[in-house]
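Before anything else, here's the structure in question.
Naming follows writing order (A, B, C and D), and every chain is counted from residue 1.
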Amino acid sequence: MESIPFGLAALVTLFSALRVVRSPNLVHAALWLGLALLGTAALFAVLGASFLAGVQVLLYIGGVMTLTLVGIMITRRHDGLNVPAESIGHVRAGVVSVALFAVLAWAISATPGLDAAPLGPDATTQDIGHALVGTHVLAFEVVSMLLLAAMLGAIVIARRKDPAPHAVTHLHVPATAVREAAE
Amino acid sequence: MGYFNDTAKALRTTMVNAFREPVTQEFPLVIRPRAERFRASFALPDDEHGEVACIGCLACERICPSRVIKMKSGGKKDSPVTGKKRAYIDEFVLDLSACIGCELCVQVCNSDAIVMVRQPEVPAFAREDLVLDMEKLRANAKLKTASWGTGTRLQEMQEPPKAEKPAVAKASPATETAPAPAPAKETV
Amino acid sequence: MNELVHGALYGTLIATAILSTIAMGIWFERKFAGRMQQRLGPTIVGPAGLLQPFADIIKLLQKEDIVPRDADRGLFDLAPILAVVCSLGVAAVIPFSPSIIASDLDVGVLWVLGIGGLMVIPTFAAGWGSNNKFALLGAMRAIAQSVSYGVPLVLAVLVPVVLSGSLSISGIVAWQAQHHWFAVWPIVPGLPAFVIFFLAMLAESNRIPFDIPEAESELVAGITTEYTGAKFTLFYMAEYVHTLVGSALGAALFFGGWDGPFAPGLHWMVLKTLTLFVLIYWVRWSLLRFRADQLMRLCWTWLTPIGVALLLVSAAWVTFGGTN
Amino acid sequence: MTARHLPLVDEGALPYEHPLYETLLSIPGLSVVTAPLDALLTWGTKNALWVFPMATSCCGIELMAAAASRVDLDRMGTIIRATPRQGDVMVVAGTITVKMAPRVKLLWDQMPEPKWCIAMGSCAISGDFYRDLYPVVPGVDTFMPVDVYIPGCPPNPEALMHGLLRLQEKIGLRREGKLTQAEYRPGLLDLTKPRVGRLGDVTRDAGLSDAQLEDVSDMTRRDLAEESSEIVPRAEPVREAIASSSQEIEALLRDDFGVTEFPKDAAPLVSRGDHRRLAHRLRALGYAQLIYVVATHFPAKKTDPERFEVAYALRSIGRKSTVVAWRVALAADETIASIVGVFAGADWQEREQFDLVGVRFEGHPDLRRILLPADWSGHPLRKDYAADTAHPPWR
C-alpha cells in the first residue's frame, strides 16, 4: 500500500531528472530540475521525514532553483536559450554511472542496521534538532565553518576589481573631434 | 524617517477620504449642471413667425473651418405666414462627425438662424447618424436648450466699443461726451 | 485513512470558502478603492455593484484564448494553474479553528515557506513563456525580488517558531491561546517581526508598494501582459488568494489565530484575517511603488539584519526570560 | 435602398455549421435552458467592458477624466487595462496619422474576441478638420470596424460614459439579432466622405485591403530592423568657454568666414563650405546647445530658380545665455554638411528636415525618414507639394 505513492514519486523524480539532462532548452531543464527536487521532497515525505521534505522544498526549490533561474536570466541571451543537449561520451558516461550506482548500492546494502525498525514518524524535528546541536555538534560546526569559508571566498571573488577598468564609454570623444573643436 | 512620515500621511489621507462624501455624480441618473455657454450640438430655430429662420446666405457654410455645413438655397418666395417675400433654404446638412464646435457658424449668422444647444447628441452606431439634416436640426431647436451664444449676441460682444473711435477721430469731445454703454453681456 | 478523508473534506471546504471570499474581496477592494478616491466604485451591476466580480469572470471566461506564436506553449499554459495551486496550497496547513484545518502538518511553517517560495516559479514561467519583453522583464524582477524578500520572511516567521518551540502552525496558535499573542507579548521580537512579515508578504503576493513585477506604468501588465480570458482570470484569482492566505497566515502566526473570547474560534480567525486583508488594500491604494533596487536595499540592509537581531532576542527570551 | 452599410459582424447571419450545434438545435425544449444561459453570458459581457485606451491626443485627457472621481467609469465595471490582451473595448481617442494607423490596426488585431471599438471625438470619427491633410487618416473606420461614434471635440467624460452605455445597448441588440445600424440615407455622408471606402462598405475600395495595411506595417517593421548600428560620437562638453557678445560673433563671422551682410531682420548667410567649421567654432566659444535646424523651400519664380535655405540657431548655456543664428543658402540640387558630429542633437532634427523638406545632409549617419512612413513619396513641406498627393491606402 505504501509503495504506490513511493513508486509514483520515484517515477516522477526519475522522469524529470532524465528531462533535466535531455532537455535542449536551458530554462526547461531548470524547471524540470525543480520538479525532480520536488519529487525528492515527496520521497522524503512518503518515508516519514517531513522535516527533510520541508527543508528540501524550502532550500532547494525556493533557494537553489531561484538562484539557478537568476543565473540563467542574467547571463544568457533570452531569445535563443537552446543549448546542444547531446553529450559527447555516452559510453564513458554510462560506464561511470553504472559504476557509481554499483558502489552506492553496495555501500548501502553493506551498512549495518538496515533491518532495524524504522524511526517513528513523530518528533523527527526535535530529534534532528537535538542530534544537530547535541550529539553531532562538532560535525555541524565543521560544516558551518566550511560554508562560511565558501561564502567568504565567493564574496572575495565577486568583489575583486577588474584589472583593466572600462573607460566610461558614453563620454568618450574621439581625438579628432577635440582637435576640430579646438581649432 | 521621512518615508515613514509620508507613508503615515498617505494612509491617513486615504482613510479620511474613505469616509468623505464621494464627488461622483451618477451620470445616467444625474446630469451634472451644464454651463450656460456649454455647447454640444446644433439647432435651426424658427423665427418669430414660426418659419425656419435661415435664409440660406451661406455665411456659415463659408466660414466653417472643417467644411461640415452644406446647404441649398431655395430662392425667394412669398411667406405663407406673413405674406412678405423672403429667402428660404431647401436643404441644410451639418456633419457633426467632423465638427470642432468652434461656434463660428453661430457667430456669423446675422439672423440667429443657427444656434448651438447644450444637450449632446446621442453617441451613434453609424457615422451617418451623426449627420444632422434639417429635420433633426429643427427638432433639436424644439427639444433642446439653446446655448447662450447667438449670432447677434456674439457679434455685439466682440464689437469694439462704438463711441470712442469717432470721439478720437473728430477730436471734439464737446459733442459726444457720453460714452456708449458697455456691450450688454447677460441679457438672458 | 481517516486523516485522508478529513483532509480532503476540510481542504475542499477551505478552498471553496477562500474562492468565494475572494469574489467578495474583489468587490470590496473596488468599493474601498473608490471610496478612498472619493468615487463610488461599482454601483450599476447588481445591488451596490455586488455582482461586478461575477460579471468580470463571466466576461473573462468568454474571451478568446490567444497564445502568442513564439510563446513556450507548455509553460504559458502551466503558469496560471501553478499560480493558483501554489497560492491555495499554503492554506492547507493554516488552522481556521481548533478543528478546521486541512492537514495539521508537523512542519507546517516549512510547508508554508516552501510552497510560498514556489510562487516564483509560475511567475517566471509566465514571464519567460510569454515571449514578450515586458513579461520577461517582469519575471526577472520577480526573481530578483524573491531572492531579496525570502530571507527576511523566513527570519520573521522563525520568531514565533522559536518563541513557541513548535514548527506546526496549529501548535503555534495553541501556544498563543495559552499564553499571549506574539504581536502583543513579548512585544520586542513579536511586533517588529510581524511588521517584517507583513512587508515580506506584500512583496511575495506582489502587492503595492512591492508590485514591481507587475508595475503597470512601466511594464504594461508585467507577467500577465500576454494573458487573455480564462488564464488571466486564474492569475487574477491567484493574486487575491495569495493575499488572503497571507493574511490568514499572519493572523495565525502573530495574532493568535482562532484564539479570542466570547465567540467560536472560526469567527475570530475570519475577523483577524479580513482585518489584515483590508490593511493590505488600504496600503495598496495609498502608497507608491518601490523601485526594484529600493526594495532590495530595504530587504538586505534593513529587514535582514533586524530579522536576525529579533531572532537572537527571541532566543534569549526563551532561554532567560521564561515563556510567558 | 441598397444595404450599403452592412453591420460589420452580423452574428445572426453567421453559419453555425458544427454538427454538435446542429444536433443540439434539434433537441426540443433546449432553448428553455440555453436562453437564460445566453442572457447570463450577455449580461457578463455587457457589464465588464474593460477599456484599452488608444489615446493619441486631447480626447485622451477626457478619457482619463472619465476614469476619475467625477464620472467614475468603475461604476459600470469599466477599468482601464494597458495591454490589448485584456481589453474589450478599444477607445480610439485622438487623431490617427498615416504612420500610426498600422500600429492601431496591429493592436486591434491583438485584442481577443469579442471586442469592440469606440471612436471618441471628431478626429477619430472622421479626421476632423485635418481630414484632408496629407498625414491624417480620415476616420478610423477606414481601416477597422467601429461600433460606437461619440461626437464632440472633445466629448466630455459623461459623453464617453454615454458611449459605453450605448455600446452595452448594442451588444444586447446584437444578441437579440436586431439590426443596430441606421437606415442608410444616400447623399448624407457625401458631405464629408473620405475618398476611400470604409471597411463596412460593400463598395469598399480594393485599395484598402488588409494585405495593403499589412504591407505598410511590414514596411515600417523593416524600417526599424535596418536601424543603423553606427554610433555617432558625442561631442565633448565645453564648460570653460564663455559665450561671446554679439559684436565678437559679428567680428568672427566677418573676419574668418567672409560674411559681409548682417541684415537687421534675418540671420547672416554663411557659405555652404564654411558652415560646419562655423558650428565647431561656435561650440568652442560656449554655444553648446543646438536650438533648431529648419529648412525652407523657395519654389522657382520668374527671376529666381528654386532654392533652399537651412537656418541654425545655437544657445550658450549659463546665466547670460545668448543666441546665435545663421543661414545657409542652397541651390535645388545642392547638399549641406551635417553637423551631427558637432551637435548630437542635430541627428533627429536633420532627419526631420530631410523627411519633410527634402534637404540632403552630407555625412549624416542615418538619413532616413523620421515622421512619415518609409514608403512616402515626396516631401510635404515643399511649396510645390500637392496636398492630395496619393499615399496608399488612404489617399
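Keep in mind that, in the parts below, a contact is a pair of C-beta atoms (placed from the backbone, for glycine too) under 8 Å apart; a residue touches a chain by one contact, two chains touch by 3 or more.
Worth saying up front: this structure is predicted, and the values here are computed from it rather than measured.
Student: Of all the other chains, whose mean CA position lies farthest from chain A?
Tutor: Comparing chain centres, B lies farthest from chain A.
Student: Please tell me whether A-C or B-D has the greater number of C-beta pairs in contact.
Tutor: B-D
Student: Using the average of all C-alpha atoms in each chain as its centre, how far is it in Å between chain A and chain C?
Tutor: 27
Student: Taking each chain's centre as its mean C-alpha position, how far apart are chain B and chain D in Å?
Tutor: Centre separation, chain B to chain D: 31 Å.
Student: At what distance in angstrom does the C-alpha mean of chain C lie from that of chain B?
Tutor: About 56 Å, centre to centre.
Student: Between chain A and chain D, what is the separation of their C-alpha centroids in Å?
Tutor: Distance between chain centres, rounded to whole Å: 52 Å.
Student: Would you please write down the residue numbers of chain A that are in contact with two or more other chains?
Tutor: Residues of chain A never touch two or more of the other chains.
Student: Among the residues of chain C, which are close enough to touch at least two other chains?
Tutor: Where chain C meets two or more other chains at a single residue, that happens at 34, 37-40, 43.
Student: I need the residues of chain B touching at least two other chains; which ones are they?
Tutor: Within chain B, residues 22-24, 26 contact more than one other chain.
Student: Which positions of chain D touch chain B when the two form their complex?
Tutor: My answer: residues 5, 69-72, 75, 118, 122, 125-129, 131, 139, 141, 146-153, 155-156, 158-159, 161-163, 165-166, 170, 180-182, 184-185, 188-189, 191-192.
Student: Report the residues of chain B in contact with chain D in the complex, numbered from low to high.
Tutor: Those residues of chain B that touch chain D are 22-28, 31-32, 40-41, 65-68, 70, 93, 95-101, 120-131, 133.
Student: Chain B touches which residues of chain C in the complex?
Tutor: Touching chain B from chain C are residues 32, 34-40, 43, 282-283, 285-287.
Student: In their complex, what parts of chain D are in touch with chain C?
Tutor: Touching chain C from chain D are residues 40-41, 43-48, 68-69, 72, 74-77, 81-83, 85-86, 88, 110, 112-114.
Student: Touching chain D in the complex: which residues of chain C?
Tutor: Of all residues in chain C, those touching chain D are 30, 34, 37-45, 49, 51-52, 54-66, 216, 220-221, 224-229, 232.
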